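The structure follows.
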Amino acid sequence: MASKTLAIILGAGPGTGQALAVAFSKANAVALLARRKASLESVCQAVEKEGGVAKPFTCDASDKQSILDAFTSIKTEFPDHQVKVAVFNANNPFLMKPFLELTENDLKPGLDLNVYGAFTFSQQVIPLLLQAGGGSLIFSGATAALRGGAKLAAFSPSKFALRSLSQSIAREFGPQGVHTAHVILDGFIDTPALTEHFGPAEDGKRIKTASIAAAYVNLANQDKSAWTQELDLRPYSETF
Amino acid sequence: MASKTLAIILGAGPGTGQALAVAFSKANAVALLARRKASLESVCQAVEKEGGVAKPFTCDASDKQSILDAFTSIKTEFPDHQVKVAVFNANNPFLMKPFLELTENDLKPGLDLNVYGAFTFSQQVIPLLLQAGGGSLIFSGATAALRGGAKLAAFSPSKFALRSLSQSIAREFGPQGVHTAHVILDGFIDTPALTEHFGPAEDGKRIKTASIAAAYVNLANQDKSAWTQELDLRPYSETF
Amino acid sequence: MASKTLAIILGAGPGTGQALAVAFSKANAVALLARRKASLESVCQAVEKEGGVAKPFTCDASDKQSILDAFTSIKTEFPDHQVKVAVFNANNPFLMKPFLELTENDLKPGLDLNVYGAFTFSQQVIPLLLQAGGGSLIFSGATAALRGGAKLAAFSPSKFALRSLSQSIAREFGPQGVHTAHVILDGFIDTPALTEHFGPAEDGKRIKTASIAAAYVNLANQDKSAWTQELDLRPYSETF
Amino acid sequence: MASKTLAIILGAGPGTGQALAVAFSKANAVALLARRKASLESVCQAVEKEGGVAKPFTCDASDKQSILDAFTSIKTEFPDHQVKVAVFNANNPFLMKPFLELTENDLKPGLDLNVYGAFTFSQQVIPLLLQAGGGSLIFSGATAALRGGAKLAAFSPSKFALRSLSQSIAREFGPQGVHTAHVILDGFIDTPALTEHFGPAEDGKRIKTASIAAAYVNLANQDKSAWTQELDLRPYSETF
């Protein structure tokens, strides 16, 4: 095996997740977690095609036991690896809906994922990062983590909560060598799904997944004297 | 009955809640919601002693059905009143605990209250405020709504989420006449419980509940040409 | 003289300034500072018509000596008064202009007013507030104090700087009893000048000057256990 | 000459400036601006020792004519280069002083540098970046750009103003291909001067100048689909 360090990526779907997997596989083996088996295997193949080592772990990030099971499997599959990177890239679908039409069921997926799921993931991963003598924990966030908006009452609160979680973890574990960052992805991401629905974007007007991945790799490589806690990424053409 | 307008106050305990009840009872009847019956009745008496009209509704703000039941009762008890003010003043206990020692059970009370509870309360109250031709919806928030902190990973996320909720509601219902505000209570509040535990504070070094109430009444009285969405309140001596 | 306390209002023009003068004159004599003599006298008359005591002091708030002279005159005219309130309400004209067309002369008025002027005003007024055993210092700010914007490079920086000044003063003098607040006026203000240019606004769609004044009076009346450092005011219909 | 692109670095002193010069010289010739000739020459030598091309331009960044003269010289010295990077790294000395002891002379250096100087520098550099078909403009900022503090009334306002300037420029010129970023340097920087005064720091407890430079190079290399406007950098051990 080329590498004895491991990057764990939760939310390893065909868009940003795959780009993260490929990018982090250059210096680490990658453990890839996502819900759908077929999509996971395709991402693994993409990593292997580039010469990386990847293993798939089906996991529902909004289900505690599912996360715990995935970590049990990761430890079995990578018994000798040091976990240097963990990325929480799980995303609940965007939801814009009049407040009075919402039900608790509209709120639940975001909270189960961005609060409970991110919490369980962090509790699993931080001890591994500490054992490795430090490493990076990166959360994918959204503009809705910075401000609410009309009809965003089901989507935005859990994004705020995730940002809060990243800050609390950063402050508690920074002095122990765990670098925690939260990334504001401000704009449409240029995923295969989006291209299929809306057609291709003009160059640079949607955030390229490879560019996101490059930014995350840079975060993970930051010297411990100069860590970033929060980073915004947006297309040059985005109004903000 | 002296008044045909109603203020609904959730979290009508013996500290801030009672001060809010008394303050809003000067111009409105008050519907008071809290978990503990004994404490609710004592707050009602405090209002009545000042010449106000108050009715108690036992309610667990982290339980959807309990909130729905309370609103059914409120409508029965105050069939002819217009709801002009609603205050979400429910508070989960402060919790500071090392991240790796937390369990989901430490997160749940805050989320059930500040996300699900605040959501249900808002869904109940906004139609009433709209029926009344507009009114005020005020959320009690905390410093932990603005920044996370070491060992605050169970406490801070739901406070962030509540702030987000207030912003989304403000933006959606402002143009329809509902004034939504979020108040950052930054400092210890001078409650009977705190005095009992720590002794009396030097004058002004703990936030007086009557001062909080005065600020909320001012918010509720703001002309619709000049609404405040977020307000911080702290003792003169507080470091911030 | 009815009152032995004094409120000093810099920027006492015919719009917000006059409303502040009238509002603060209910409990204080008012010293009114503005550049134009004619307009100052008209504001004084408005105060007197409402039964208040007002004196005019012509003052260019972007000129240090002019501010110093005004304070010398104020002390002469009100030798026995305690200064309990000071408002910095001076405003440079809004300027939106492509960056590459700006000159230093476009930046200078804002900086001279919002940095140097506010600094000198604060240095004059804080010792008086301390002598009075504490009081309030309120700065009128703008949305451009919170975020820059395309073509706002001459307007926004000095608004940011004024906000910073208010925070530094708040933190230094709060513990000594000086309450410093910064108000974000987010929206068009319903001034006579605006009405003349654009016609009257629909009710509530422009910030009423009397509503601003009411908010400032509330700030000045806050108990020292519950001070607000920053307040936003905007029309109910404003997008934000 | 190895490279036909140019990076212009204002504030090219022996600490961060030198690290930036060396880092950007890997892919560009570098034009280095600073006040002191001796120090500039030493930085140029450091670049050349690493195989880069550097030219010194003495320049007082708080003096308009001095900046204009430097740019005239830069254009003469590098007639065929495309300006792809510009860094405003000038810094006024930190000043913490009781507010009532400050004079306008304490405010002036910060404003002349961070407002007027940054303005003139930006006006010179943006047309060159536009001519080059786009590029990066990076401002070195400070924690005091985010919040004021007791006794910081002379230091913080101009840092706020610089941040505002960066935002306005980012929003105006982003769509034209100019990537503008503001970096919050939150912590002590590990400069030779600091080591001389306080002795060496424990590894990672002061921000390494090479780490700052790496972050700036990463910013400049960001794909236009994923630009960062604001970045914080702090030691792992920093309380924030």
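By written order: A, B, C and D. Residues from 1 in each chain.
By our rule, a residue touches a chain if its C-beta (ideal position, glycine included) is under 8 Å from a C-beta of that chain, and two chains touch if they have at least 3 such contacts.
These numbers come from a predicted model, not from an experiment.
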item: Number of steps on the shortest touching-chain route linking chain B and chain D; value: 2
item: Chain whose Cα centroid lies at the greatest distance from that of chain B; value: D
item: Mean-CA-position distance for chain D and chain A (Å); value: 32
item: Length of the line joining the C-alpha centres of chain A and chain C, rounded to whole Å; value: 47
item: Averaged-CA centre spacing for the pair chain D and chain C, given as whole angstrom; value: 35
item: Interface hub residues of chain B, defined as touching at least two other chains; value: 171
item: Chains that touch, pairwise; value: A-B, A-D, B-C, C-D
item: Chain D-touching residues of chain C, taken from the complex the two chains share; value: 64, 98-100, 102, 104, 107, 111, 115-116, 119-120, 122-123, 126-127, 144, 147-153, 156-173
item: For the chain A and chain D complex, residues of the former touching the latter; value: 171, 174-175, 177, 179, 190, 203-208, 210-212, 214-215, 218, 222-240
